[in-house]
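Down below is the structure, laid out as structure tokens.
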Amino acid sequence: MQAREMIGSHPAVGGNVNEALIQCIEECYDCAHVCTSCADACLAEDMVAELRQCIRLNLDCAEVCLATGAVATRRTGSNPEVIGAMLDACATACRRCAEECERHVDEHGHCRICAQTCRRCEEACGQARAGLP
Amino acid sequence: MQAREMIGSHPAVGGNVNEALIQCIEECYDCAHVCTSCADACLAEDMVAELRQCIRLNLDCAEVCLATGAVATRRTGSNPEVIGAMLDACATACRRCAEECERHVDEHGHCRICAQTCRRCEEACGQARAGLP
Amino acid sequence: MQAREMIGSHPAVGGNVNEALIQCIEECYDCAHVCTSCADACLAEDMVAELRQCIRLNLDCAEVCLATGAVATRRTGSNPEVIGAMLDACATACRRCAEECERHVDEHGHCRICAQTCRRCEEACGQARAGLP
Amino acid sequence: MQAREMIGSHPAVGGNVNEALIQCIEECYDCAHVCTSCADACLAEDMVAELRQCIRLNLDCAEVCLATGAVATRRTGSNPEVIGAMLDACATACRRCAEECERHVDEHGHCRICAQTCRRCEEACGQARAGLP
């Protein structure tokens, strides 16, 4: 992804980028994709009936990550209240999805990658949150 | 919209629908559309340079409302932590967008409708939040 | 929804609204919600393993409808090539989802409502397509 | 991004991944982010009134890319009609956005990066389209 180059070229930023927020934006888009993919892979598993909650949490997490990534990308407009609330929601969605995927890491490679990705995104949301004004 | 009929036909619900959540889902989708439309109308105004923050808040609000509407629609999977965090974020995004649109209600009919719609959605998110377990 | 009021208040429209496009925007948002809800209800059914393809088509249709609804809402910027391609894609996604849901109308009320909604949206996309310049 | 690892771990794929589709998925998510960022940067420019069409095409392209990326990620469910129509729509949205951004590459670094990214995504959609059954 090119979050650093894009935000660095924003007229209101002038090269003075917020590294924690950039990291968070990249993790959000990556996590949205991984969760969308994990939901589809879970749906194809023989044990799909046991993966219902995993699929729902995957879909929720994908949705929240995308909205957070977009709001964080527009943050140069100075909207710390909304971005702060979304970073909180996103960390929660990532944690809940990771907890569920972690129960299936031995059986499903997609759940293993998804759990790791959600934990990275949860951490990045927390770091970005700490760096807000 | 048909949120009541759809949620009433969900096998885990059995007709026992949460009215505050249904109202909130309908307001979220409506508000997402109105904010998308208000952003485009603001962009076409002669005074676009003074509406930058309004456009950004419109776009943020649209994004957060859609994610909240989808997560709330899937709530029958029992995910009160994520839905609660999203209802908080959505009420915040709606309030911020309404505050900005309210500054332009005399000049722009789209901001007037958008401000009213955001206030309704903010209220519906609060009611749905209060009704969560 | 308030698509007519919002588009009517757009400075580039001046009250001269395209009725077929407005109908289509409203159907797209409604269909996006119904498909999201049907996917979640299918996931909760005992026979979930037989509903995998239905769930995937529901999720695809929801995604395509939302993108189409947003692009159509911004059409006042005159982007007939993109909106035309999206109306085609949306009619296809709605038709495929309807065909699958129609196989389950006797067993699942959510599939019955979803099939009808997808058919309405498919029709509205076709009408809006025919009215493009 | 981790599209290759995720799709490779899907039970219906068995390591036999479609390289053109994976490349396309990654370009779609990247392009969605870059277009969202370019719209916000354009909005902050002094000459915002001349960038209206660029902002609209950015927002349309972001929306279409995300929907295409998600539908393509779920393609393992075999939905070539919908994914084909979305790849067509996405190539169109990327081309239109690139054409507009290319008019501003000398003045705005964000438009330069965005034009290049849209052209890459347009090309990747075409390649993925050619590889569909």
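Note that the chains are named A, B, C and D in the order they appear, and that numbering of residues resets to 1 at the start of each chain.
Following the convention adopted for this analysis, a residue touches a chain if its C-beta (ideal position, glycine included) is under 8 Å from a C-beta of that chain, and two chains touch if they have at least 3 such contacts.
In this text the structure is predicted, and so the values were computed from the model without any measurement.
By count of C-beta pairs in contact, A-D exceeds the other of the chain pairs A-B and A-D.
Centroid distances from subunit A, each centroid being the mean of CA atoms, peak for C.
Where subunit A touches subunit C, the two copies mostly use the same residue numbers: shared numbers make up over half of all numbers in play. Between the Cα centres of subunit A and subunit D there is a gap of 19 Å. As a whole-number value, the distance joining the C-alpha centres of subunit A and subunit C reads 27 Å.
Counting only residues that touch two or more partner chains, subunit C has 40, 43-44, 52, 56, 59, 66, 70, 74, 77. By the touch criterion stated above, subunit B contacts subunit C in their complex at residues 1-3, 5-12, 25, 29-30, 32-34, 36-38, 40-41, 43-46, 62, 66, 69-70, 73-74, 76-77, 108-110, 113-114, 117. Chain contact summary for the complex, subunit D toward subunit C: residues 52-53, 56-57, 59-61, 63-64, 66-67, 70-71, 74, 77, 79, 81-82, 85-86, 88-89, 92-93, 96. Against subunit C, the residues of subunit A that register as touching in their complex are 39-40, 43-44, 48-49, 52, 55-56, 59.
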